[in-house]
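By written order: A, B, C and D. Residues from 1 in each chain.
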Amino acid sequence: MAIRAAVAGASGYAGGELLRLLLAHPEVEIGALTGHSNAGQKLGALQPHLLPLAERVLEPTSAEALAGHDVVFLALPHGQSAAVAQQLGDEVLVVDMGADFRLRSPADWETFYGSEHAGVWPYGLPELPGARAALEGARRVAVPGCYPTAVSLALLPAYAGGLAEPEAVVVAATGTSGAGKALKPHLLGSEVMGSMSPYGVGGSHRHTPEMIQNLSAVAGEQVSVSFTPTLAPMSRGILATCSAKAKPGATAAHVRAAYEKAYADEPFVRLLPEGQWPATASVYGSNAVQIQVAYDGAADRVIAISAIDNLTKGTAGGAVQSMNIALGLGETTGLSTTGVAP
Amino acid sequence: MAIRAAVAGASGYAGGELLRLLLAHPEVEIGALTGHSNAGQKLGALQPHLLPLAERVLEPTSAEALAGHDVVFLALPHGQSAAVAQQLGDEVLVVDMGADFRLRSPADWETFYGSEHAGVWPYGLPELPGARAALEGARRVAVPGCYPTAVSLALLPAYAGGLAEPEAVVVAATGTSGAGKALKPHLLGSEVMGSMSPYGVGGSHRHTPEMIQNLSAVAGEQVSVSFTPTLAPMSRGILATCSAKAKPGATAAHVRAAYEKAYADEPFVRLLPEGQWPATASVYGSNAVQIQVAYDGAADRVIAISAIDNLTKGTAGGAVQSMNIALGLGETTGLSTTGVAP
Amino acid sequence: MAIRAAVAGASGYAGGELLRLLLAHPEVEIGALTGHSNAGQKLGALQPHLLPLAERVLEPTSAEALAGHDVVFLALPHGQSAAVAQQLGDEVLVVDMGADFRLRSPADWETFYGSEHAGVWPYGLPELPGARAALEGARRVAVPGCYPTAVSLALLPAYAGGLAEPEAVVVAATGTSGAGKALKPHLLGSEVMGSMSPYGVGGSHRHTPEMIQNLSAVAGEQVSVSFTPTLAPMSRGILATCSAKAKPGATAAHVRAAYEKAYADEPFVRLLPEGQWPATASVYGSNAVQIQVAYDGAADRVIAISAIDNLTKGTAGGAVQSMNIALGLGETTGLSTTGVAP
Amino acid sequence: MAIRAAVAGASGYAGGELLRLLLAHPEVEIGALTGHSNAGQKLGALQPHLLPLAERVLEPTSAEALAGHDVVFLALPHGQSAAVAQQLGDEVLVVDMGADFRLRSPADWETFYGSEHAGVWPYGLPELPGARAALEGARRVAVPGCYPTAVSLALLPAYAGGLAEPEAVVVAATGTSGAGKALKPHLLGSEVMGSMSPYGVGGSHRHTPEMIQNLSAVAGEQVSVSFTPTLAPMSRGILATCSAKAKPGATAAHVRAAYEKAYADEPFVRLLPEGQWPATASVYGSNAVQIQVAYDGAADRVIAISAIDNLTKGTAGGAVQSMNIALGLGETTGLSTTGVAP
């Protein structure tokens, strides 16, 4: 019997990507689609690439609309998930694609989001140690942020293997869909095309504490992250260039071995053959993470670079992967490591 | 039992897109992959987005390598398909993604390609009148060109309905993947980004006689096509803007009705709701054709615009759709009308 | 003594491009800069590419602010120019970059803009017959629309030479800056990149009557224009593909000769050598118009293609060129035919 | 009397940009243009954006062709400049836009370029301490690499002010023109658009020793640089994100003050107002360097980000600026800090 899924926030980029994946998921039947300002409109006018759902009409987001489903995905603005989740039964799987339940530290939440901390849910990055077990059977899941997904997986083997000093430097480029459909001048095509620009420099980006949380847990010591996100002239994709000083004694061979071991059995993470570097085009629309690592002897740093699709593995694909685990389906069901290129 | 498929020319864009689709096809098992200058290399180095096939090694294209398959796809340079096809048995389905067997007129072939005409195979555009029947059970299929696919489907209802004069004017924009992986200066990213430019103006593009062939057959009279292709700063997609003078008596209502009727039951062609126009982004990676039509009373012209993905419906998706019909599978098996957007 | 220029609407794309050109104009001194919602802000925050003016503060648009200048450029929303111009003295040169004073037909204005017709000013396309003379000494100038500039110059020699039937078909691609800084969803970078899409199909685009006005005047008979604009994934540039049935007796040689003669002495229009086609990249940031023409014998049509920068020759460069003529400066002063490429 | 300038390598991107700037330079007359494989062709076919030079024909690069000029610019492949320069008189100003004379260490040259070291010429980055004086009256100039220009100017005040530890981490994004017109598969538009990818990771990029040379000289101690270049989907521009651990006692106020002081009088370097970050679009086609700096207290790092146009300030603009100084012209003659945007 099909799993019935509802999507709150179906008109945005995250919601649209989720629907794209659910349409290809053999065990899911798409139920209610809700929106806020777009309620009452046909999906065909809002997401013209989702032809099979073109005639579906968005309902206003409400407990009634979302009732009667096996899983409810929340693609809502930050701070709105708790209220909605509370109205859904404990037996319903709620997968939150927002930030509300990612951070363990209420202080961090308050510093970066300026509101009251809603709590912590099992964290939907199965590749982290212990995460998969916590997701099995879970009925609440917090999907990670797109940058933390790319950065945590790039550096995990280095920190898990005790090969890197706890001061990471990360510069990441993202496609514009990471900023959503918000109507802001700097997101206009005229401004974006042909331009690279940074934002949230100096530790102010909200994904910073989430990266620190993940890397510190893996390293077993407090890791600082100097994080600089940049906006790139492309719709999708994150390329995260991450580095840290090597711990004394770490060699290129140690580093390579640690990465090979860490990801040997991960279905969605691919350590590329030596000499081949990831490109965001290769993971376009796919749930794959492509990673390469190098040791720079002159600078004595481990450099790990990952490429993901911010909307797929970075958001909606991660959500479906977590749903699969929570519901006991095959983890890779309905997901693919094949990108759409060129 | 799975259908075993071989792909000759697996390192190019058409071959890569075909493999992307075959990986998602539930009835196909991917067999031999062959190449020419890239033989001996791993596919992972050539098509880094096809992770499930990364370890596969390209063989040289030969009758031996292609033997023992149920279907052989040819993604070869123009003029090379006949020799390869001849070496394959009559019971093997051969799907040619090149131009060799598309044109019925040897004179047209010689004018536009400058070599001897190889023949005519059943034409892989099932939406044309009579085409589906000719494909059923066929063991040789000529996949249409990408532009003829977009243009023929845009104008078919107008000509089938006797609504348009037989002088069509077509201006189409294509993504750069339509030119393949050829190393030519004007295809460099530095030249392409931020620039629109025409090429093959004045009727010299090789797809022109194919459009004329299709539209004339549908119209029941000889149709001329003034065709101007332009290169757009995007990797994929064709937007074809097609128009013709309206026949006397044709009204906007006639036009709309003709288009609605023509495509009511076509699984991959979608006439958009009135007022909504197609965008190539909406069909990115999908096998859908999105179409809109209008009647311009002041200029007395029917204007039909279609958007396709040149690599999917325009090449590899059309090939799979034709294979499905030829082999008696469901026509839509392994294909989708869902695009990857934004 | 320097010419003092004021710019009303300095925070938009047209205003910004005008300031870029005026900064390089040896005879102009930049005076008041005004804005509406951005009044009070520094230009450096709004136009970060105009470093020499970064500390200038926008004033509210008012007669006071604009007083005391030799030339006032209006880069205002349609319908607002008349009221401002009325408050400026008759001896001041007012160059309107909006649409208000372009159309000679009040009926056309009302049909396409829905408000009362403001009047007609000398038309700032000096390459049109008679236009240069009308601009000399003028104190009011209506700068043409970007599409009419590209299309009129592409087809002028064909119609002036009596070589083309009076039914033109135009498909043009524009960069997104043509739509201005308006915050509309379809102009977001995420939507625009990788996508081509039409808009204003079927004769509804407001630039249609302006093209008809220009071409009919040149042809000496009423010309219809079937105009389809499309939005391309680039910031700047217009590529206009224009065609019309050849008049009986017109040959390829006639066509070539007509174009060579028409533009032999035009400083900003370049008929390319035969076989070379224009690209928008070649005119990026320049005031040049690159044109090529062909005769398609099979379709019996004349095909003329032009490339301009919509913000330069299509708006601000055309404005400066007209100012130069009106004030008796050298027509090319401060303008260039050198593009920024690649 | 005009300065006569010859350009060897006029068909490439660096040569084309140089010609664009020289066309606007009031004191320069463009003399011989030479090429290698393109000799005999008209420039209009190779650089269609340089309309004023369209009829000029490329000569083969030779001492004869380059003789009789006041300044000769060399835009040649690495390793070819010395032989050409030797044939030109000592009184001729030779400006080398290649790498041959940039590095002071023969060992570094041999390690990174694999050939014999040609020597050291005055270094064309006037903003470095002492560089301007060395350029005055010089008859040989080595123009810096594009990345070293962006990175050295981003970090100069931090190292000159003793505010940063000598281990810099740099991640830079470049437009594709930085790779020149080489016909390589990864530079095809189809591969580049929509994709970010790293290359030369781990210290292997040839610009690394040049950055180390510059920063070490400024810091007065040996600085290591972990440099990761990435290829961005745009034609032009470099965004360099540079950081280093703060030295003990360094505060945000110290950092800001050091940057303000360092660049207060530099005509081409602009420290942006606090809170405004550079974008490559803002320096498109301009000789400006836009810089912002921040102190990240949590990570205890100084983060400096610069944006330049790799072809202008990063290559040809830097060459003209150096020529101006060497010949005693005003340093800013013919150069601009106005970008072409959007």
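Structural remarks
We adopt the following convention: a contact is a pair of C-beta atoms (placed from the backbone, for glycine too) under 8 Å apart; a residue touches a chain by one contact, two chains touch by 3 or more.
Each chain and its UniProt protein: A, B, C, D = N-acetyl-gamma-glutamyl-phosphate reductase.
If you're wondering where the values come from, they're calculated on a predicted model, not measured in any experiment.
The chain with its CA mean position farthest from that of chain A is C. Where chain A touches chain D, the two copies mostly use the same residue numbers: shared numbers make up over half of all numbers in play. If each chain is reduced to the centroid of its CA atoms, chain A and chain B end up 35 Å from each other. Of all residues in chain D, those that touch two or more other chains are 13, 175, 177, 188, 190-191, 193-194, 233-236, 279, 281-282, 284, 342.
By the touch criterion given at the top, residues 13, 16, 20, 23-24, 44-45, 47-52, 54, 177, 193-194, 235-236, 270, 272-273, 276, 279, 281-286, 288, 290, 336-342 of chain D touch chain C in their complex.
The residues of chain B lying in touch with chain D in their complex are 13, 175-177, 179, 181, 183-185, 187-194, 233-235. Those residues of chain B that touch chain C in the complex are listed here as 167, 169, 171, 173, 175, 188, 190-191, 193-199, 201-203, 208, 224-226, 228, 230, 232-237, 239, 241, 243, 245, 277-282, 284, 292, 294-301, 303, 305, 307, 342.
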